[in-house]
Amino acid sequence: MRFGVVGVGAMGSLHAEYLAKRVPNAALVAIADVDIAAAHTVAGRLEVEHAYQTATELIAAASVDAIVVASPRRTHAGAIIEAAEVGKHTFSEKPLANTIEEIDSATAAVEKAGVALQVGFHRRFDASFRHVRDSIARGEIGEPRIVHSVSRDPVWGTSSRLPEDLLLETTIHDFDMVRWMSGSEIVEVHAVGIPATEPGRLEGVIVSLRLKNGSVATIDNHVASAYGYDQRVEVFGTQAVASVANIPSHQASVTGAEGDLHAPPLHFFAERYEDAYIAELVAFTKCVIDGTTPAIGASEARAAQVVAFAALESLRTGATVRV
Amino acid sequence: MRFGVVGVGAMGSLHAEYLAKRVPNAALVAIADVDIAAAHTVAGRLEVEHAYQTATELIAAASVDAIVVASPRRTHAGAIIEAAEVGKHTFSEKPLANTIEEIDSATAAVEKAGVALQVGFHRRFDASFRHVRDSIARGEIGEPRIVHSVSRDPVWGTSSRLPEDLLLETTIHDFDMVRWMSGSEIVEVHAVGIPATEPGRLEGVIVSLRLKNGSVATIDNHVASAYGYDQRVEVFGTQAVASVANIPSHQASVTGAEGDLHAPPLHFFAERYEDAYIAELVAFTKCVIDGTTPAIGASEARAAQVVAFAALESLRTGATVRV
Amino acid sequence: MRFGVVGVGAMGSLHAEYLAKRVPNAALVAIADVDIAAAHTVAGRLEVEHAYQTATELIAAASVDAIVVASPRRTHAGAIIEAAEVGKHTFSEKPLANTIEEIDSATAAVEKAGVALQVGFHRRFDASFRHVRDSIARGEIGEPRIVHSVSRDPVWGTSSRLPEDLLLETTIHDFDMVRWMSGSEIVEVHAVGIPATEPGRLEGVIVSLRLKNGSVATIDNHVASAYGYDQRVEVFGTQAVASVANIPSHQASVTGAEGDLHAPPLHFFAERYEDAYIAELVAFTKCVIDGTTPAIGASEARAAQVVAFAALESLRTGATVRV
Amino acid sequence: MRFGVVGVGAMGSLHAEYLAKRVPNAALVAIADVDIAAAHTVAGRLEVEHAYQTATELIAAASVDAIVVASPRRTHAGAIIEAAEVGKHTFSEKPLANTIEEIDSATAAVEKAGVALQVGFHRRFDASFRHVRDSIARGEIGEPRIVHSVSRDPVWGTSSRLPEDLLLETTIHDFDMVRWMSGSEIVEVHAVGIPATEPGRLEGVIVSLRLKNGSVATIDNHVASAYGYDQRVEVFGTQAVASVANIPSHQASVTGAEGDLHAPPLHFFAERYEDAYIAELVAFTKCVIDGTTPAIGASEARAAQVVAFAALESLRTGATVRV
């Protein structure tokens, strides 16, 4: 299966490298980036034949069977639709689009064309998160009652975000985790922002959620963790509690009179989720080859994004918002 | 210093035992309980001379210098006032009273009499919670931004609570932890209940809080933890995160093909907080002997209880409530 | 049951306090110490009626039913024999005597008198060590193959020991652990000392052992651990490995860019083994009251001590010594 | 730099894959294996042009600049010498040869030809082991006094080994760890085998060591760990203790009434040391390109192997053997 990657920023570059080297049955044949120099650099490094400036050119290329879209979120839906119209499959980074309407248009195009669409909810492919989910599915914790999801980024660029960037780019993963872990739908959202110094921007957010099955959940996001990437989940059930802890950056420790010093967590997403990023591309490749529908498609992306918009409204109004 | 203990239920019996055997400069001289047989049993076991049916009798006894009140919460304020009126000191279990008005009356009586009053926020005397608080005070985590407090009881009697019982008996500790850890005041409360099977009762609650200094917090309480007592706090700051983990019931583990099995947490409060219960009585005894004012008195109790009432209102209305 | 404590150094003072306050059905009625002032001090603090300068006086006292011997090891056997001759029971600190001959004499006296004798192998009463032992007994690790026992003291007085002091006072616990955990007898010993600066003295020792059932073991002792008391065991079996980890002095941690700092272990024996010291006295008291034979008596003490002497010989000769 | 891999068993296949995909500036151009079908399979899978049946053919190939030798240990020295004679560099799996004489011949050939030789002591490239070593080098633990090294394989093929296979293939890594961690030379060896059911074979071994600087060490090896690959080291120093723990196979845990279940360690070497295997090849490639001498060459391999032979003698005789 021959892939083209659209957008070679931090995430797109990783997808490109994995497709070139680590995903069986996948080949990377084209790169596109508005910054054509960046496209050429990545193409050169990975020995990829074609570099384009636009998604349109890449999608049109005869050698491309499927695309990975990692350009800014406003461009996702358009690329999905363009690809679908020429019968090509798309793996899209989250969020699937800027609006629910765009998600619906992209979904319609994909369904009409009968092509595959998968969204980059990579935590579902992480061994630890998956282990917790599987434990819950096997009934090991009884019925879920409380879910906590924590996602804190290390300092990376600016230490604040616009509310919509925070909710649509980061918190959307936590909404997906809450839905997946609880096996239920979010029906009520209440969000409290942690204001940044710059007016109108946030350092972080906490969200509390009520679910259809009577469970509750909280989410904790922050964009400037001094100790690295913090990615945890905890699901408290009637029979047990299941948790995902951070992965320390190594397993050495030194214990002296002052205490027992262990490593901080792996620093950021490239280290923490390498296996999950590869696994999601492997799964997508397999779906396309086998002609099956990706498990994590437009409906999952839509459900999380609807909640993100409700949380944005809660941030604006201070009220609890029904989804 | 000669103590009388009022109320010898689960908590009062522990206080009695610690006063009799483990608190330097303290002697236990009287027990009172409406169940006079229970009072006699504890008195006999601990070789205590006097057993009464009422707090009034105990407070009046010449041999008693100070009382520990561990009877139902509606009786706390009355006992504090009666004791103050005869110049005796009180260590009262939380909450200090059933209403803010009662707290204010008790406070006035205590101030007028110049006696000591301490409230049973024992977590402030726990080595782990105190270590986190001290780390924060030394600036080790930078400025606090997010506090999480978890208190889950093992199954104990019924697996549900009336909202006011849950908020005033259990969550009040978490409100105190959030205030203490953040060094700030809670200004806004939003609570979501986990409904129990019986109408009008709760299994648990999550609360989200906004603090005066811009920090936020969540609280997670549940009354039926299958794995024992879960008592944690986490304070995320601009430079580090500080946490209290549970104490495992032992340090043995067995690692086989299925995994690495460690002990569950200490089962409940008597095991988990033995040292803290003794430490708070030691501190109170020292305050009275030295003539100093207990650090954790009526104002701390009042501040937490005001938040508890706001949370109860949020539970009723679904709205965010300003404190 | 009325106890007299002989020797109120570090360990004897603890036994005295526990007997006075924490052991049901036990009363502390007499103290003896060659330093009569020390005897009086402890007696005064614990409200004990009688203080003597010699074990002989204490043993003769009509009010004493049983003794706890915590004086220097050369005095143990004599006190046991004197007590036995007047029908009194003994709980003796380890080692039971200075020589195997003395152990045999004490054993004979005890058997002839029909009194109880228990030796202070307190780790057998520790919840974590016991949990590992019970797991092994239940077959959870399959057949034991390798045992590791670690005992490192914090710096305490001098940072070196005479070989016989190290082996008879400290390593003897590890020999007992190896026997207890493996369920087998030690048949071969090889010891390597870590020389201290002072000639003829050791900082520590490692011992390797071959057991009757084909298992092997190592012991690691050191007398100057900078980070506190280190007390661990690991038993590797054909189906699993069981381990005892140290108990951290609290459960707080702080995670920053430099790492995740946890508490060092509990500092020394008084903190680490408080529960075990009480449990061994509770068990001894129960044996005497019930008229049963203590599980950890002279034969266990003898078996460990025989190995200690073999290890001393190995230290001297460099050879492997058969037991 | 164009590599040929000699021997594509478990380890050689990994080296081949890493050279083909994960080592910058490295290309894999040839495979040799006595099982020519295996050579063709790996060559096909990794798109490698040449497959040979003998090391001789591969070494002679013009396209090959350097070789990785992962064939049986008796063939290592010959391949190193053949490569050196035609000016080619060798990365050799451990042990470097079957005898010290062979090591010396290979060393002479390499020195005469001025080519690079690196031995596969991959643990030196593992982040955790390296972190401990670096901590020691920075003086963080004071002076090392005791080193423990544990290497237990999961059940893999037969559950026993010939003593020389165990000592030369597995324990040799631990001898290297002890030397590297302590910064000292081993001067005395005492080994005790754990006999397997089959006569003359071992399930495992423990070794105790005395070092030149007065430190001591133990090694624990077993070939049938039920819970997976166990790879640890602990270095006790005068100021602190530094340790490497196992890497759990994931970070999820489930805590119920029975306890807190975490993942077992990563199952075996391919998972545990992937990063280290890549890092050692990266380092070797860089050395050759830069014209520098690999840090872990013949002298390190020789020093560990001399100790392995001493340990074999100790196993045979029961005596302590001076190195």
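Letters A, B, C and D mark the chains as written, and numbering starts fresh at 1 in each.
The rule we apply is simple: contacts are C-beta pairs under 8 Å (C-beta built on N, C-alpha and C of every residue); 3 or more make two chains touch, one makes a residue touch a chain.
These numbers come from a predicted model, not from an experiment.
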item	value
Far-end chain from chain A, centres as C-alpha averages	C
Which of A-D and B-D has more C-beta pairs touching across its chains	A-D
Gap in Å, rounded to a whole number, between the CA centres of chain D and chain A	39
Distance from the mean Cα position of chain D to that of chain B, given in whole angstrom	56
Residue list for chain A, restricted to those that touch at least two other chains	226-227, 239-241, 255-257, 263
Chain D contact footprint on chain A (complex, rising order)	21-22, 127-129, 131-132, 135, 140-141, 239-247, 249-257, 263
For the chain A and chain C complex, residues of the former touching the latter	226-228, 248, 255-265
For the chain C and chain D complex, residues of the former touching the latter	142, 145-146, 148, 152, 188, 190, 192, 194-195, 203-204, 206, 208-210, 214-218, 220, 222, 224-227, 230, 236-241, 318-320
